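First comes the structure, then the notes that go with it.
Chain IDs A, B, C and D follow the sequence of writing; residue 1 opens each chain.
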Amino acid sequence: MKLHEYQAKEVFAEAGIPVPDSQLAESVDEAVAAAEEIGYPVAVKAQVHVGGRGKAGGIKLAENEEEAREAAEAILGMDLKGYTVESVLVEAGVDFVNELYVGVTMDRGEGKPVAMVSTQGGVNIEEVAEENPEAIAREHVDPAFGMHPYQARKAVYDAGVDREHSRDVASILTTLYDLYEERDASDIEVNPVMITSDGDVIAADAVMNIDDDALFRQPDLEEMQEAAYENDLERKAGEYGFDYVRLEGNVGIIGNGAGLVMTTLDLVDYYGGQPANFLDIGGGAKAERVTNALDMVFSDENVDSVVFNIFGGITRGDEVAKGINEALEQFDEIPKPVTVRLAGTNAEEGMEILNTDLVKVEKTLEDAVQRAVSDAEEVNQ
Amino acid sequence: MSILVDDDTRVVVQGITGGEGKFHAGQMIEYGTNVVAGAVPGKGGQEVHGVPVYDTVHQAVEAEDADASVVFVPPAFAGDALFEALDTDLDLVVAITEGIPTQDMAKVYKRLSEVDTRLIGPNCPGIITPGEAKLGILPGNIFESGNVGLVSRSGTLTYQVVSNLTDRGIGQTTAIGIGGDPIIGTDFVDALELFEEDEDTDAVVMCGEIGGEDEEEAAAYIAEHMDTPVAGFIAGRTAPPGKRMGHAGAIVSGSGTGTAQSKIDALNDAGVPVGDTPEEVADHIEDFL
Amino acid sequence: MKLHEYQAKEVFAEAGIPVPDSQLAESVDEAVAAAEEIGYPVAVKAQVHVGGRGKAGGIKLAENEEEAREAAEAILGMDLKGYTVESVLVEAGVDFVNELYVGVTMDRGEGKPVAMVSTQGGVNIEEVAEENPEAIAREHVDPAFGMHPYQARKAVYDAGVDREHSRDVASILTTLYDLYEERDASDIEVNPVMITSDGDVIAADAVMNIDDDALFRQPDLEEMQEAAYENDLERKAGEYGFDYVRLEGNVGIIGNGAGLVMTTLDLVDYYGGQPANFLDIGGGAKAERVTNALDMVFSDENVDSVVFNIFGGITRGDEVAKGINEALEQFDEIPKPVTVRLAGTNAEEGMEILNTDLVKVEKTLEDAVQRAVSDAEEVNQ
Amino acid sequence: MSILVDDDTRVVVQGITGGEGKFHAGQMIEYGTNVVAGAVPGKGGQEVHGVPVYDTVHQAVEAEDADASVVFVPPAFAGDALFEALDTDLDLVVAITEGIPTQDMAKVYKRLSEVDTRLIGPNCPGIITPGEAKLGILPGNIFESGNVGLVSRSGTLTYQVVSNLTDRGIGQTTAIGIGGDPIIGTDFVDALELFEEDEDTDAVVMCGEIGGEDEEEAAAYIAEHMDTPVAGFIAGRTAPPGKRMGHAGAIVSGSGTGTAQSKIDALNDAGVPVGDTPEEVADHIEDFL
């Protein structure tokens, strides 16, 4: 789960990290009122989970009411890399002399969190990591002990932060690590940490992604989930409890097991089609879950055909087939052509049971995918 | 004949009284696995499928002289169950549970470095030596005893590839699902090392996916240390950066590390053919044998 | 620092451990009023840091007002192994069917905390440990990870606690460990944990000793210190910042460094005397600290003579001598004979400086101790 | 000639800008110790007694190729300073600080088991090889180079015993104060082992005190492994149970473990004479030589 900037800043501020004054606005008038209250200059920042918002026009500075209105008008409702901007954060402009990067993430190779500090903040840190890796000081943290204070200092000194600001920056890093640990973050970062002309150290941006698997013990963050969804399909997947990722193609994909679903996507691509989504229906395939999965894929207007790929392990193919029949029988008309492939335990029995008035049946994965791809092509012709 | 598990393996099932645990313990026993005990706090003294249940893993291990456990404990309690298992002198712990918080697993991973026990998983289908023992949820009927080792980050994809092999009459020594989480116990290199040492394994299938650098490390290991031929498959070629594809570990980072292409290239450079489809993987293995 | 039972129970109750209703009383009337409010039966319990209070008559049960009055009268003001009882805890009587022991302490040999559970509660656990060690289930805790839930369960099951109560007892142990860690305890225990006839699990006694070296980060516990002192001498030592232990003899002892002071005590005993106290004056020996140390030893009415044993390491003997002179010159009359022995750096210069009108001077530790012992014998003749 | 430290030892002083740190760094340098750096966060770039100060121990160790550190950091921050020192590749860390919370030391002790660095202390006077180097606060002038090793839990008691030796013309190879806390790095057995291996150490004085079971373990070690003769002293014969005698570790438990008598008996059983007075200890050593 990705928090919006404004949500992350609420969490950071509560933990004692200095952030600029700001207000969330969902309309142009709200944005202007917020700017007036905060005082100029302000930054108007699109609240979407898209990297490089600034370059894409999602952040604008405003020196006065007119500029604030223009900025809010330009940003609210804009399409930013496929996401519609529904709210902006209006934030006090910071007069900075220096920008740093401070963050914590999991180094999965090491199985340990890693704290990072760089004096090259304000730009894409992943580019810095690629082009100039020694510009990022890294400190691995033993998760049993947590981050020792010396590690925060070491990262800050190693990164070359001025001695004058080192204590404040180390303090932000320490708080970020504590939040990372206490709030089950998967990534947490401030980029940039701004050093103001007055020598203050302030978190000008905020990224906080939460481990979905740990949300059960972060009830207050889970409450932020609703506002963190980017669109209706994400919200629907969240409600149904599906692992779902929307892509840009037109072949809808439903399967069981992450690896097999990814493989199905890959095969759609391999056979010349374009996958519309990743949807893992998980173990079993009761009618209700099948119904929900079809609802999701059918609700995506981009989808022109659907491939349903189930490898029954412990689950028996005949039971899955019954579930699919039941689910599809609820529709008066099947909105988009569905190809089903069942494999594994009792697959043949299952294929026999499937109602071929409702679905097309293929025996191999390869054939099922090719059928769905050609169905999608037909629709587009 | 196999690696890690065989018909001598004496298995404790942690969480044997839960829905999943009970069902799969039954399946494991039916397959012929030597399930000797269950462990569930507060349920000591009960029996499940005729197997005695103990309150603690220590009691189960001591009373039944077990050497492996399979963990079906729900994710919120699974980290603790793993620490409990690692505190005994078991040789092998197989964690089936999906959805263990990553930070819990980071602590378990630290603990793993302090003990001699091997962990497989979590978020994995388990391990099977066809005809002898299965520890986990793999469907026994699709496997057949033979001379191909299989190691995979994925469950159903494993079943797919195994069917492609079994359908051609190619059996398996042992198949291991190492799990789809970012932090896992046994990784590709560990499993490949075991297959390389196993005299009966004549070829190995390795099913990787996007995320992390395990496949790249495996490629380096294969190039340097393996004589046994390996065929690969990598899922997630079409995955966009920054999106978790089902598995917690299956994610291409924003900077573009962990891509399928990087893994395919590394494997190809190590002389490992990578199939475009599961069928092609079976073709490569057939060529090796 | 040892908390009184009532203080420890406040901490335990706040952490969610079930304890009986109770009230602290410092007079007989208060005790009776408390008993009336709580309802009979009650236990009236002396609040002193003495093991085996019950056997020594420091705990009495009362079924009615008359018995409550008698109990409070008997206990308040009584001398319990050298300590005067200044307050009692009046507590609801518990109708128990079983008594357990639950505790956490540091196993210094292992460098790890150890959690302990026994079904043989209600008696001196150290006796159980000696006579029947397998009656205590022990679980070492890795201090980097803290106590895992399975460890609490394991200790409880290994101890043989009924499965019916195991969850509640494990929960008390888990809370005790958390308190042990969060509150920097050196020992924490409940003995007995009572299993009531209704099947409830309740902490009937409470021991919590805090690591003195960690009090700086336990400000709320530090506030309990004042009430935790057992007598004026302890309070005075606390205020002066001395390591001080009162013994039962009549030769007062002041020295620098724990090992050397202990050795001085041992030598007093070896030469036939009886040490009155342990007092480590610490590094250096400025006049103020010497004055305070002498004030402490002189305030102890048992003391008949004093030996002052300083080994100057980095501190120079002549400076110590000046400090001693200055301190003693403040007295119109030296209340008890003082023998000084200086050794180490500049010891000879120091011995020459010492004002022999005020103190006796000996060159060796052995001679100084013997002199103080014979001085004390003389007073007693 | 010595154990652990000599005139080649390159020393970092952690906390060199504080009152204690600055004073004793001066004393150490005056004694001839090779103090090469100080480490104090925020004070990098300064100099103390002509020694360069760095912001982190890592920087100090790398820049000055140090192999040992002495810690004069106040107790609230000392645990962190020890973790910092143990994260470098120093051979030896000597912690002088008194009053480190026991639970902080328990964590440090765990960390010690994961690294190759030796810790002496905390709450100790340090270590000295007379005429070569001292790391700590021991008064150099009472020591003399010779052939007796000394290990002690106490500071001033050590000075007392050393004077008794030096006064008779008996010098020391190395003297180690292992510290008076309940949890310490180097213990008696560790130190005795080093003295046993040291060719120039012909006899060893061991000054123990009440509390814990280190002396009993040392007695067992001496009986089984040592040829070098050992004389002992145990402080705290008159200490009542349950009272902490100055040192955090000097406490006889309520059940009567950790008593002086138990330690004296154990040592006597191991053939170690225990002096009733410091003078008697010197007598025993004189007899050995």
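FYI, a contact is a pair of C-beta atoms (placed from the backbone, for glycine too) under 8 Å apart; a residue touches a chain by one contact, two chains touch by 3 or more.
Model, not experiment: these values are computed from the prediction.
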Required steps from subunit B to subunit D (each step between touching chains, minimum): 2
Express in whole angstrom the distance between the two chain centres, defined as the mean CA positions of subunit C and subunit D. 28
Between subunit B and subunit C, what distance separates the C-alpha centroids? Give it in angstrom. 55
Sites on subunit D at which at least two other chains make contact: 107, 111
Touching at least two other chains at once: which residues of subunit C meet that condition? 142, 144-145
Arrangement of touching chains [line / ring / star / complete / other]: other
Chains grouped in pairs wherever the two touch, ordered by label: A-B, A-C, A-D, B-C, C-D
Please name which positions on subunit B make contact with subunit A in the complex. 23-24, 27, 75-76, 99-107, 109-111, 125, 137-139, 141-142, 152-160, 163, 180, 182-183, 207, 209-213, 233, 235-240, 242-250, 253-255, 260, 276-279
Over in the complex, which subunit A residues touch subunit C? Could you list them? 142, 144-145
Taking the complex as given, what residues does subunit B use to touch subunit C? 41-42, 44-45, 55-59, 77, 80-81, 83-84, 87, 107, 111
Enumerate the contact residues on subunit A facing subunit D in the complex. 145, 148-150, 153-154, 157-158, 163, 166-167
Subunit B-facing residues of subunit A, complex: 51, 106, 108-109, 111-113, 126-127, 129-130, 142-144, 181, 184, 186, 211-214, 216-217, 243, 245, 247, 255-263, 265-270, 275, 278, 280, 311-314, 343-345, 364-366
